[in-house]
């Protein structure tokens, strides 16, 4: 049937009982400060807002993913409790007073630091997105999952605080002349290793971070120390960071020589693909939601680019035929999520909603047609195609791909 | 070497670096001396690896298969032919990996999954030898060692399967291209003829990800669809 | 005694056991994704980082305050679980599907909205600080509390998402010509009421917000709806917002006619004092902390202004005789916290650390001397004086006031 | 009236507005008809208020005292003299409040604390009358009502005690000043002679806020001071 009428009609008694009958909270005394050991938690009415595994995607929970509920998030900051997770050998809660950080390789003096010491160094705080290289992977060929949580939920954005890696490399006396790469290594079971270009480190953007959204990193995100590599896929943001080696050739670590490579139609893999190109997605309305009524809606979503700032986001409600420019919420920050909003009056007819981001380099987010023409359908990683949501006459929104 | 930060950090000792500097590069820098035979590897494999990866590395019960999909021809060409086939089901580790150092390094640092870093170097040589033998990269009587890793590298089935000629590396270290491979334009009006739905989930998958009503906030401009019941079309 | 030596000396066995003996987390399998019902919590090693009551400050927990642990926070985002609290009649966890919002008074048509409806309107997301007008109140006369948590912990900063109040007033057809004030009213027991100037609302800055740091407001912060009044003291940010009345005279509500007024030496109260003037504080090193060693430190802190952006922050380590300009972390946003950092090499001698913020209007944060000359010592509210921390030879940091 | 947002919001009914529009302004707009005597108020007070605020509004057990510190002279001048005295201990509600509407409105919406909005208008008149009588603003035989609130206002002890002549209101509605009352300058060098410590906590208060070691993170450039033991000077 059609979408519902007035969401809040006047009952026959001449008023809404939620107004006429004062609730308990208007007529009683509430709870005290500093409940729950001085650390607050969300409302009990928010329990649907969870990070979730995608059923059937992985065979274990420790080499797995949980997706952030983008359909329920606001603004650009991802609550740390809802930050997406990607673990290869499970997560740990490491005693920070016992954690050590080492620099070796092409340096004058290999060095060891305690957390106390790292936190004494000049720190910076910056907002950045992190996106898994495999975000939206299951959609390369066809529609495979119903909601934006599962299509795009491997992206999050936080304010990170830490020390520019270059400061630590300077302390160790790195051979900036001959070194071309570094290896970052984790301290957990997987001891995740990734090759990072020295050019990025010289830019000052790469951080050895301990802070996330005002507090310490969460255990699931690498407590107490994580490498922050803005614009670069999440697997390079090594968690539980224990060591940096300065070197002169790439390391072909497992997650850059077996995974996180992009298979081309000719059978070659593009290796060392680390940038997350410009991308966007409408988060509401989005798949699995129901519009309750015709009328005014606020279309909202997220845009980001691994190459810098988002310049503009356009939104279509007719599957890409016509576009209007959305409002960008401030601040618009480099290599951070950008929130966009645009007005829409739904007339009750089917509509296909899309967003299309352009970044400051002028790069325009591709359609599936563009992307498949360049890379086929089997490359798994780096799917940044324009997403389509079909709003049906009955108000239900479906994940679709258009031709 | 900066001295701008007095009191912060101290030199690492040789012992400390030795304890943590375990990586092995494609040029085998970092590879410790040692060796292990396919036969030793098979015993170890069956004791410590097979229950997760299958006796022949073929299992996908806890992870994707390690072995399968490569041919002797691939070993010659250094390109795994099945990677060109869109219809080939799945991609094994051995189909993809170009560098034998990667296998050695990863097994050494991370396997077995529940007891990473528990293998001695000789044991890592042995299970690596066994895995390679399953793919006929080395014969069944082979003894893998730091001395012959470079020779084995020359037989890796997908050793020529990698390219860095792309715009997706944030640096110039690989001399890739700077120009992205897609070039959409921000057309605003009458950009395409009518859009048609080309792919969507079938009705039977409606509830495959759980009830979506429970995956949306209780209030909002939209609520979650109740997928526990058939759609009201 | 003097501060300690090298924080991490080489033990006699030739290496740090935390490096030589691989820990459990490097040699085992960790935990799975989406633990704890899909909502992550901080590390167990962070349990000292809590919001706290100040002992003896209030006689109940429901008409009370909990202070944010500024000494342990990074960047500008306050984790929602550590956001300061100020309740007058306790906090509630209100069912959002039953919450209603009403507009009445000088409007064409009084209106009622559900949460569903409010969330359909054009939304904005913005970072703003909120500071209680009584922050730093106990220090007007003398040093009274030991740490920055208790001196300055009634300030926090979040990314808020909501609808500009002006949009809602437009829907109701507010009489913008004759209306001069609005009354904002809460839906809880205290039904907090506050008068807000119409001029602020016309600026578009005042929001009817539901989102905070990416998720819904926390119950302690007004779930599901709160008025956001950037630059204005926290008591005006009415929680559990149920009603806005448009009017033409101020309302002299209890918390603007009995409290949140500033007593001058002549016995007059300054009433309707709502701006939080430019202020800053060094958060580390700060009172109650101990420097472990001589050497390099990163002095860091927060600055803010209710009149706009922070333009610069200067830091002194000699009690205000000489000053150096600190680095401001980006983004520097209007009416939001701004994080500053500056290098310092501690020589082991006593030092008095201060910060002094200047905002974009040119206003310079006052010393206690300035402030007391203008207002005496009994006005309770709006203490924005420069804070002093004495670093003693033994490394202990004390809250002090200087002459 | 904007129609740009079809489908969002609906007109409030008269009943709904009546249920929620409870505020009373200084000009008594919003004050419902009704009355209550000091004597009725005293009974109510003793039953519903006194255990928190004290029989004479003097208690500071759950909150600061409501009554005390005003004189008959204040009632004449409209300025509470004790507010000028830096040595006067504490400030009661009646010393501060300039507008009687504030008391009525607040008691009506928020008291008793554990059962707000449970009083009927006549009861609010009565307890307000009782409180005012404790401060001699009204005589003990007084009956407070909507009709005589304006007269009572003229006797409020601190009715002339407010000023809006300041720069701390974010608007021009009160014609306050625009110029802040402090004017520090951002001097950078040799700004003052040597700074001397003028105030700090005494040693005996060292642990008064709990052990500060437990109020700081386990790691960091500084740790928390162990205030459970005397300072090591």
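A, B, C and D label the chains in the order they appear, each numbered from 1.
One rule holds in what follows: a contact is a pair of C-beta atoms (placed from the backbone, for glycine too) under 8 Å apart; a residue touches a chain by one contact, two chains touch by 3 or more.
The structure displayed is predicted, hence computed values, not measured ones.
*Asks:* When A-B is set beside B-C, which has more C-beta pairs in contact?
*Replies:* A-B
*Asks:* Please report how many Å separate the Cα centroid of chain B from that of chain D, as a whole number.
*Replies:* Here the centre of chain D sits 65 Å away from the centre of chain B.
*Asks:* So the centre of each chain is just the mean of its C-alpha atoms; given that, what is the distance between chain A and chain B in Å?
*Replies:* Roughly 22 Å, centre to centre.
*Asks:* For chain A and chain D, let me know how many angstrom lie between their CA-based centres, rounded off.
*Replies:* Their C-alpha centroids are separated by 46 Å.
*Asks:* Which chain B residues sit where two or more other chains touch them?
*Replies:* 4-5, 7-8, 10, 16, 20, 113, 116-117, 217-218, 220-221, 223
*Asks:* What parts of chain C, by residue number, touch at least two of the other chains?
*Replies:* In chain C, 7-8, 16, 19, 26-29, 45-46, 49-50, 52, 60, 72, 89, 96-97, 102, 112-114, 116-117, 119-121, 189, 191, 216, 224, 292, 295-298 touch at least two other chains.
*Asks:* Touch graph across the chains, line, ring, star, complete or other?
*Replies:* other
*Asks:* So, with touch as defined above, which chain pairs make the list?
*Replies:* After working through each pair, the chains in contact turn out to be A-B, A-C, A-D, B-C, C-D.
*Asks:* Using the touch rule from the top, collect the residues of chain D that touch chain A in their complex.
*Replies:* Per the stated touch rule, the residues are 4-8, 10, 13-16, 19-20, 113-118, 217-221, 223.
*Asks:* Hey, which residues of chain A end up touching chain C in the complex?
*Replies:* 7-8, 16, 18-19, 23, 25-35, 37-47, 49-53, 60-62, 64-66, 72-83, 85, 87, 89-100, 102, 112-114, 116-117, 119-127, 159-161, 187-189, 191, 210-211, 213-216, 218-220, 223-224, 240, 292, 295-298, 300, 329-331, 333, 339, 341, 343
*Asks:* Touching residues of chain C toward chain B in the complex: what are they?
*Replies:* 6-10, 14-16, 19-20, 22, 26-29, 96-97, 114-116, 119-120, 216, 224, 293-296, 345
*Asks:* Mind pulling up the chain D residues that touch chain C in the complex?
*Replies:* Interface residues on the chain D side: 1-2, 4-5, 7-12, 16-17, 20-23, 25-27, 60-63, 79-81, 83-84, 86, 91, 93, 96-99, 101-102, 105-106, 109-110, 113, 116-117, 158, 161-174, 180-201, 205-206, 208-210, 212, 214-218, 220-225, 227, 231-233.
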